[in-house]
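Questions regarding the structure given below will be posed in turn.
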Amino acid sequence: MSIPQQIEAILFAAARPLSIKRLAELSAVYVDDAEKALVELEARLVDSGIMLQRAGNEVQLVTRPEHAEAVKQVLKDEIHGELSRPSLEALTILAYRGPLTRPELEQIRGVQSSMILRNLMLRGLIEEKEDVRLGQPLYNVSFDFLRHLGLSSVEELPKFEELRGHQNVTDVLKDLEQDSQDDRDSQDSNVSDQITV
Amino acid sequence: MSIPQQIEAILFAAARPLSIKRLAELSAVYVDDAEKALVELEARLVDSGIMLQRAGNEVQLVTRPEHAEAVKQVLKDEIHGELSRPSLEALTILAYRGPLTRPELEQIRGVQSSMILRNLMLRGLIEEKEDVRLGQPLYNVSFDFLRHLGLSSVEELPKFEELRGHQNVTDVLKDLEQDSQDDRDSQDSNVSDQITV
Amino acid sequence: MPVTFRIEKFEGPLDLLLQLIESEKLDITEISLTGVAEQYVSHVHENKGKIPPEELADFLVVAAKLVYMKSRLLLPSLEDEELDEGPDLATQLREYQRFMQAATELNHTWNAGHIAYARDNRPARKLVPTFAPPPNVDVPMLCTVMERVIARLAPIVKLPQVAMKRIVRIQDKIAELANRLRTMAKFTFASFVSKAKDKQERLVSFLALLELVKQRVVTADQSENFEDIDIAANDLDRLADLKIEFV
């Protein structure tokens, strides 16, 4: 296996500066060899849109400055402009039924939602609450978002009581409780193949 | 400015899948040129520790699977346990034949599949596409699924052409059948009869 | 009497059928399928408690197809347009088999841990959220979206009820057949089937017949001169006590 490639992969995935010593450990080579691999990597990256940045003993991969405009734009994409349909759904569910944990939200949406929660947090539309439920953080719509809608509280949302307490929602959340109960039970009785989904 | 480099920088910074259309917009080029640039980028990355991954109209940059052991250590552990038999079945069929509607998947599996689709959506291993077929949502395997297998696209699956090609033949036959039939509903009822009776 | 293979674990009707065929080292043909029909039915019968209710109907559909195929061997004139339509069971099973072979390889790759990682995007969490209100969202829209989400949950929530309905229909049908057998010592299967209103009922009739034959309550014979299969209840007392619990 090529060490420059491996180091590139590590730096790419880490998305933060790492010390050369740490890189050497992760690649199971001496620091000198890691240093040599970095020089090699640097040379290869001349033709690429990214480059190696050094600061003291630490290195990281960053985009080349000539692409700054396009890069800025793609990062702005994430927090500006219209909400995607999945994001809108998650936001709505939190507005009507919040606070919810991520598994609860996913149970109602029926879709894995970690990226969406992250994005809604970045945009300041939802907040992580101080307390937790079953070891999971709870999320709620933010006060800023409510104010943006011209509401002073979620209870002013149309059909709030009806939609918040809807049987379908209560039922799927019950399933989730049941599932986690089953998981615990089957872990106890060691029936592991029953629980792998 | 080199378009392949710029596209590489954008994908690097985004750290998520982007549509080829959006890449073209961000680079201020036509979609065709973006597509060409992606092919060029793909070729250059052969010598590197990262690769381009494709699913549908979207692409993203990921580390090469041979570096998984080292890379894993700088990331928060992903929890993807073993696949149960039904999950494996549905994922395999969707990987080779996707996108498919639920009735189409059920036709191949011979069993009701709404719960398995829901579970796979909750685990983020499949995605519901934006478009529909015969009024039914279409499902495809996700980037997360491809990443876990270390594939750059489903086309790298063993015997991909053979298992997929069959479907094309079936589709053509179906279309012919459809054309020769005035009764437009027959195909719908064919599919649903297989499932619901 | 053929050797009866015990299949310990199966996922879905095609999986059970495939395992039965493979355990007898048979190719997938119409003949081999009818050969394992009885084993298939007894496996379903014995495992009915373990099969998820929402899947049971699909197991019964395959049973019905097998019985139909078998009946056709005895009685070629017996035709059912609806049971004939769509891909035949052998074709469906061959395709299923190819996917299962691919699944085995895929599972191997899955467990190998050769994962391709995307860039860690957690560092973005450290960014202070900037309030960026979406231009396309207003209060009525939230209400519409929430109603859509709730509506989408309905099939999931109702799944057990729908499954139970299908099962109850089949139970009723089997009970009805038992009743008719009690009053009629002899009648032809085909005439019974011809009275069925729709495909659903015909499938159920086949199943019911098969179940009763299996329990040796009735015998199914084809007389030389008649095209129909005669069905006779040969033990009416037993039939009266018959606890019909196919499902």
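Residue numbering begins at 1 within each chain, and the chains themselves are lettered A, B and C in the order written.
We take it that contacts are C-beta pairs under 8 Å (C-beta built on N, C-alpha and C of every residue); 3 or more make two chains touch, one makes a residue touch a chain.
This is a predicted model, so every value here is computed, not measured.
Chemist: Taking every chain's C-alpha mean, which one sits closest to the mean of all protein C-alpha atoms?
Modeler: Central by C-alpha mean position: chain B.
Chemist: Which chain's mean C-alpha position is the greatest distance from subunit A's?
Modeler: Following the centroid criterion, the farthest chain would be C.
Chemist: Between subunit A and subunit B, what distance separates the C-alpha centroids? Give it in angstrom.
Modeler: 21
Chemist: Counting only Cα atoms for the centres, state how far subunit A is from subunit C in Å.
Modeler: Here subunit A and subunit C have centroids separated by 40 Å.
Chemist: Centre to centre, by mean C-alpha position, how many angstrom separate subunit B and subunit C?
Modeler: So the centre of subunit B lies 29 Å away from the centre of subunit C.
Chemist: Out of subunit B, which residues touch more than one other chain, so two or more?
Modeler: As it turns out, subunit B has residues touching two or more other chains at 12, 15-16, 61, 63-64, 66, 71, 74-75, 82-83, 118.
Chemist: On subunit C, where are the residues touching two or more other chains?
Modeler: If we look for residues of subunit C contacting two or more partner chains, we find 117-122, 156.
Chemist: Inside the complex, what are the residues of subunit A that reach subunit C?
Modeler: Going through subunit A, the ones touching subunit C are 9, 12-16, 79-83, 88-89, 91-93, 95-96, 108-110, 118, 121-125, 142, 144-145, 148-151, 157-159, 163, 166-169, 171-172.
Chemist: Considering the complex alone, what residue numbers of subunit A touch subunit B?
Modeler: 1-2, 4-10, 12-15, 18, 26-27, 44, 47-50, 61, 63-64, 66-67, 70-71, 73-75, 77, 106-107, 110-112, 114-115, 193, 196-197
Chemist: If we count contacts the way the header does, which residues on subunit C are in touch with subunit B in the complex?
Modeler: Touch list, subunit C to subunit B: 11-15, 54-55, 57-59, 61-62, 82, 85-87, 92, 95-96, 98-100, 102-103, 105-107, 109-122, 155-156, 159, 163, 199-200, 203.
Chemist: Quick one: which bits of subunit B touch subunit C in the complex? Just the residue numbers, please.
Modeler: 12, 15-16, 51, 53, 60-66, 68-69, 71-72, 74-76, 78, 82-83, 85-86, 88-89, 91-93, 95-96, 107-112, 114-115, 118, 143, 146-152, 157-159, 163, 166, 190, 193-195, 197
Chemist: Across the complex, what residues on subunit C touch subunit A?
Modeler: Result: residues 117-125, 127, 129-143, 145-150, 152-154, 156-157 of subunit C touch subunit A.
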